[in-house]
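Chain naming follows the written order as A, B, C, D, E and F, and within any one chain the residues start at number 1.
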Amino acid sequence: MKFTKNVSPDDRKMLNSIFWRSFTVFASRAGATKAHAPGFMYSILPAIDRYYKNDPKGQTEALERETTWYNITQNVGTFVMGLVASMEKKNSQDPDFDANSIVALKTSLMGPLSGIGDSIFWGVLRVIAAGIGISLASQGSVLGPILFLVIYNVPSILTRYYLTYIGFTLGDTFIEDMYESGSMKLLNKAASTLGLMMIGSMTATMVTFKSTLAIPIAGGKPIEIQTYLDQLWQGLVPLAVTLGCYWLLSKKVNVNWILLGVLALAIVLGLVGIV
Amino acid sequence: MLKTAILAALCVFICFGGNWLWGQTMIERPLVVGLVTGLVFGDVREGVMMGAALGAVDIGGALSAEPVTATVLATTFSIILNVNTKAALALAVPIGVFAAFISMFLKNIVMNVFAPLVDKVAATNNQKGLVRLHFGMWFLNYFLFSLVTFFSVLAGAKPVQQLVNEIPKNLMAGLSATGGLLPAVGFAILMRMLWSKQLSPYYFLGFILAAYMKLPSVAVAAVGIIIVVIQWMRDKQLMALENNQKELAAGEVKNHIDNQNNESEQEEEDFFS
Amino acid sequence: MLKTAILAALCVFICFGGNWLWGQTMIERPLVVGLVTGLVFGDVREGVMMGAALGAVDIGGALSAEPVTATVLATTFSIILNVNTKAALALAVPIGVFAAFISMFLKNIVMNVFAPLVDKVAATNNQKGLVRLHFGMWFLNYFLFSLVTFFSVLAGAKPVQQLVNEIPKNLMAGLSATGGLLPAVGFAILMRMLWSKQLSPYYFLGFILAAYMKLPSVAVAAVGIIIVVIQWMRDKQLMALENNQKELAAGEVKNHIDNQNNESEQEEEDFFS
Amino acid sequence: MKFTKNVSPDDRKMLNSIFWRSFTVFASRAGATKAHAPGFMYSILPAIDRYYKNDPKGQTEALERETTWYNITQNVGTFVMGLVASMEKKNSQDPDFDANSIVALKTSLMGPLSGIGDSIFWGVLRVIAAGIGISLASQGSVLGPILFLVIYNVPSILTRYYLTYIGFTLGDTFIEDMYESGSMKLLNKAASTLGLMMIGSMTATMVTFKSTLAIPIAGGKPIEIQTYLDQLWQGLVPLAVTLGCYWLLSKKVNVNWILLGVLALAIVLGLVGIV
Amino acid sequence: MLKTAILAALCVFICFGGNWLWGQTMIERPLVVGLVTGLVFGDVREGVMMGAALGAVDIGGALSAEPVTATVLATTFSIILNVNTKAALALAVPIGVFAAFISMFLKNIVMNVFAPLVDKVAATNNQKGLVRLHFGMWFLNYFLFSLVTFFSVLAGAKPVQQLVNEIPKNLMAGLSATGGLLPAVGFAILMRMLWSKQLSPYYFLGFILAAYMKLPSVAVAAVGIIIVVIQWMRDKQLMALENNQKELAAGEVKNHIDNQNNESEQEEEDFFS
Amino acid sequence: MKFTKNVSPDDRKMLNSIFWRSFTVFASRAGATKAHAPGFMYSILPAIDRYYKNDPKGQTEALERETTWYNITQNVGTFVMGLVASMEKKNSQDPDFDANSIVALKTSLMGPLSGIGDSIFWGVLRVIAAGIGISLASQGSVLGPILFLVIYNVPSILTRYYLTYIGFTLGDTFIEDMYESGSMKLLNKAASTLGLMMIGSMTATMVTFKSTLAIPIAGGKPIEIQTYLDQLWQGLVPLAVTLGCYWLLSKKVNVNWILLGVLALAIVLGLVGIV
């Protein structure tokens, strides 16, 4: 593959290490607010250690950047890991680099990459593999589960491998180009714009709330509150809660209190019968 | 029964935990879980066939039960209690539904207590701590989860079901709702990093495209890229104008005048066509 | 029967007119109308129960009959003619449907004749005239409307129904259509005040968002605000450029040069990030 | 409430007067083209008289501005009244103020405010009140209607009251800010843009036309003309009629002739069987 | 039977070919085809009635059979074989379905071989060649198509049906798919002429509006016009700024300064309101 | 008609000639990639010959411009012919004219004009005519087909005639205006923008692909591949094929090879059972 060839031996070592670590990316899950951030951090460590070798402050900053919510179909997530590695490289070399764009780009890629990844791997590939596997297994043959695993995993792991390299190589070229044309400011604006749009769309689809409250009417059918909420504004509660959390964060409220608050809110809503 | 319970819990731990520890290699699918449980309890054929039965039901995620627990329990019951497939499934699947809730609850809510630790290891550049935390969380989560299976086998299916039925419905609903609302905090943290007054409209645009126009995320991303490219070109055009202006202001007019004219003419060519 | 007719019409006038004269306080809901009519005809209990019966039907506006007329007539028939609730409703509701049409017709079409007067009192700053007009229109509208009930009671339910059936269908359809088209004139007047060649595309955008993308008006407004904010920032950026240019042209270059540079740099920071 | 406190005694007197008058806002209805304009004019008179005290020309102009179509759920409409009061204040003080923005802003608020207001008051609150009221009344208790009225009206009237003040206060601050940053021109552009979008969307939803004409086919099912009209352009007739009216108005045709024309058109369409 | 076959094929050629040669005047509708075939075979009444029968079925294009072939065959069978209308239709319609496929295949795929010739006559400004090509293609297409009818009559309906059934389904599916994909080449050629890096986002915008928001092409065009008008005004504003800048740079400041200021002020008036 | 009056005798002669030739516009069909291009070229010849009288190079270029995909309901297509004639006129007179805008404008008009034209002529008019015709014909009367032809063709041909003139006249004025205000560059940008949007929308609706492939599941319902393709990206295959063709063209690959390639691709997909 062209993509794996033009990489220096040292980068190659680093990328291979990221590739192997990426298998554990979903091992831990730090709750609903960070999701798989620790896995991402663990996977990307080789890049951080390499590019900020004798720079503990750089390492700390890089690690802190990566503590945010992370979740991408893992077989394609290595693309983002490669990309982030290339951006950390640039950031370590150039003091003017806007490190925020790393988070912006990562964030804007989550939704679309998972959409595509989940369709291909969970939708198509796994179903094909299962179809074949079940046919054999239902006759009691051990070949069923084995074939299932092989059919599913061979393309998955190849994808995981090559995307690590592709993310790194593409990112490298792209960022170099931006630099030369002096458009880093615009790149950051673009990444942030896209990132915010994707968070907006994730707020609408991944923060969920549905009131089951219904007002019984003597001699009529009950009135469902959710209907009127939707009429006011689709996804009103998720949007309000998200903006509320944002507002509290910007008022320097400790994130743990916010978490506790949301938890308490949800449980109370449950206890009083609203959800 | 204790040994059986331990073995069953081990099967869950290996298949479920193993799947997520190592690359989501699908060793948590009923097909594979059945094989593993069959091996453990010494009846591979029964295990594989139970896996096939549950796998056919679950294709595309149609099952609301957590499939690993359901498969392990069904296989265990079938081999140990010697009941037939149908009966084993009838006992196992309801517990699997409860297990699905427990799994969600562990991952989304209980594991939240570790979120501050993640920030802490990052802030102190404590890389060893990160590694320990990462795998520690993994172990804790799947260990706790295996207990569902452990107690189900130990206590027997019936009493467990009864216990589950006694949890107040309102409390369950509230706990479920937390799973829906907690991602808000995660997104708020991301917004803190990207938000600017200038760009805030795009957050709401993304929301509307998903909530009102029902666009899937790939399409929202495509619309976003279209907007970003158009915006970029406008910005470039304006930057060129501003730079020219600054040069003019700086009195560098005389020297660069010809080049500039040519340049800006060319740019115009680019932008207005 | 004349006295009964007058009293019934009065109930309509009080409840319907009163509701709209004073804050839409819902005294036009069957529940309240039933109470009032019961009080007037001396059988509060019957009135309240009739109101409850009609109210349960009409919740959420399910009834195509005008509820005040329907409730007053049903209560009157039930108390005066001593028929049971079902029969009273069967007589009253069809007349209520006709009354709904008359109400729409009065409000949207007959009352149009006063539109020029509104412009006139405004043009002459005739504030007393405005007050008189405002309340005069109110009285006229609800007085005329009460006549439906008056004549229905006077003539008896049956003959009224027959009369209604004899109105040609085509004419009714045409009259109904006026209600749908007349708002066009109101919007055209608004457009006269806001229209400009530059902004006309946004009128059509609003139309398409509602007609083709089926967005409700809150969502159209949200999209509008998003557009307006983005546009605003671009305009500000361009204004800054223009102002700089003017200053340059005016030869004020020398004095302000440093401030400007700093300023525009800062603005750039703002706009391009 | 913070919003009611920072208001001067004179403004407070004026706002209270607007609040009371607002109860009559829907008393009259001047046909389909002006709707509740007279009620709005009557309600806003205290502001007009106060800010254009010895300026009959100012009063006339202000009144004329308000003769356009008005319709907002009345319990939230006081927000707009307060806002308009604050804008008239500014307009009376500053000759550069673009009075057109008053109409633009009012217009752009109608759709969304009514959407929200109708959902909350007619959708949720009234239904709750009726549910409780009917339960009691169906047993013949007078408490039914009385509770219904109390439950509905207390929150409604409080909303009406506070929104009068909120509209005024917010408007005041906002407009002052605009002035200081010299952005009045942009404000007018923004208000007009939004206003036109909302009129466009109202043209689509509130001007209605549906042909019932169907061409019978010997041995087949009839062809419904409306289907083909929708295929050409959704809402073709409403859009055409609205633009036609606008065109006639811009040709200085008297508005009464236009009204008569639309009336005649609709009746003729009815008589010949098209609608 | 040869004469009958030739005559029937002639009817198809005249009606189908004639319709497309001359203004799509609808002489290919069953109503007219029936009349023509009736005239040719000497039973106008039967022809007209057969046309009416097929026409009523086909209104709005409900028939998946190619109507000219179906009508000609049905009429021919009915007049020549003297079977009744129902039986004639039962024989003719399936062949019409096959004919519809052949017609699509000829127009979209076979006729592709002439595409290079079109480019050639254009490149050599060979106008006579163009005329010959245009009408030659017409003749060939409809002549070939008439053969379906010719052979159907000649061989008799039954054997033809059998033959058709023997074509492999996969092959037919593949051939059908070509018709769906070939327009891609045509659009690619158009894109070659219009594409520019700057404008490419609009291609994808059009795609998304149609594919995801399900807008019909009139609505896409309307959205396009709205965008284009807004873009245009912004571009004009920027052009004015650029031109001013160039004049400033060229040192023409002194003479034009007053005019410019007025002018740009006016423009500002225009653009920001 | 105003539109036919202000045309010079020579232009009138040319337009009449275009009108008559337009009847044959759909006579030939040069496959799926050019559709009715030859018919359009044949129809527009009078304009080309007139405006590039002694300029064979101009004629060649004009002809080459018109070899692209053409398809518009023919009764309204004459509008485009008139318009193109007016643009070729301008192009022949002015060396600065951007001839690309001719193709851009033509392309952007195809979708909408056909949408409107097909609705009116095939949807409404033909159905009315057929309804009347069939009623009569089903009793065996020859009047049926005759009335059908008359009712359909009289309005169709009148439309065809006047639109030829309207397209020419409108185009002429419009283009003249653009010239005077020096906005030709912007006109070209606008036409190309619109043209690309319309091609994009046509790619989505007119390039079609549907996989019938379904993976059978032992003991479950089959998995349809098309569902997952749509989930990945609506119209993925049409878009990919179109962009692929474009890419090949831009690599100077001969268009005939591309055509063959697409043909082969489709047939192979069919043979292996994917479509």
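We take it that contacts are C-beta pairs under 8 Å (C-beta built on N, C-alpha and C of every residue); 3 or more make two chains touch, one makes a residue touch a chain.
The UniProt protein names, listed by chain, are A, D, F = PTS system transporter.
What you see is a predicted model, and the numbers here were worked out from it, not measured in a lab.
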| item | value |
| --- | --- |
| Each chain counted as touching subunit A and subunit C at once | B, D |
| Path length in steps (a step moves to a chain that is touched) from subunit A to subunit E | 2 |
| Numbering shared by both copies at the subunit D-subunit A contact, with half separating same from different | different |
| Selected interface, B-F versus A-F, where C-beta contact pairs are more numerous | A-F |
| Centre-to-centre distance between subunit D and subunit B (centres being mean Cα positions), rounded to whole Å | 46 |
| Centre-to-centre distance between subunit D and subunit C (centres being mean Cα positions), rounded to whole Å | 8 |
| Shared-contact residues (touching 2 or more other chains) in subunit F | 115-116, 127, 130-131, 134, 138, 186, 189, 192, 217-219, 223, 231-232, 234 |
| Per-residue multi-chain contacts in subunit E, two or more chains | 52, 56, 59-60, 196, 200, 202, 204-205, 208, 212-213, 215-216, 218-219, 223, 225, 234-235, 238-239, 241, 245, 248, 272-273 |
| Residue ranges of subunit D touching subunit A (in the complex, touch as defined) | 115-116, 119-120, 123-124, 127-128, 130-131, 134-135, 138 |
| Residues of subunit B defined as touching subunit C within the complex | 196, 198, 200-202, 204-205, 208, 212-213, 234-235, 238-239, 241-242, 245-246, 248-251 |
| Of all residues in subunit E, those that touch subunit C in their complex | 213, 215, 219, 222-223, 225-226, 229-230, 233-234, 237-238, 241, 244-245, 248, 253, 257, 260-261, 264, 268, 270-273 |
| Interfacial residue positions of subunit C with respect to subunit D in the complex | 20-27, 29, 31-32, 34-35, 44-45, 48-49, 51-53, 55-56, 59-61, 107-116, 118-119, 121-125, 127, 130-131, 133-138, 141, 170-196, 199-200, 202-212, 215-218, 220-221, 223-225, 227-228, 231-232, 235-236, 239 |
| Residue ranges of subunit B touching subunit F (in the complex, touch as defined) | 52-53, 56-57, 59-60, 216, 218-219, 272-273 |
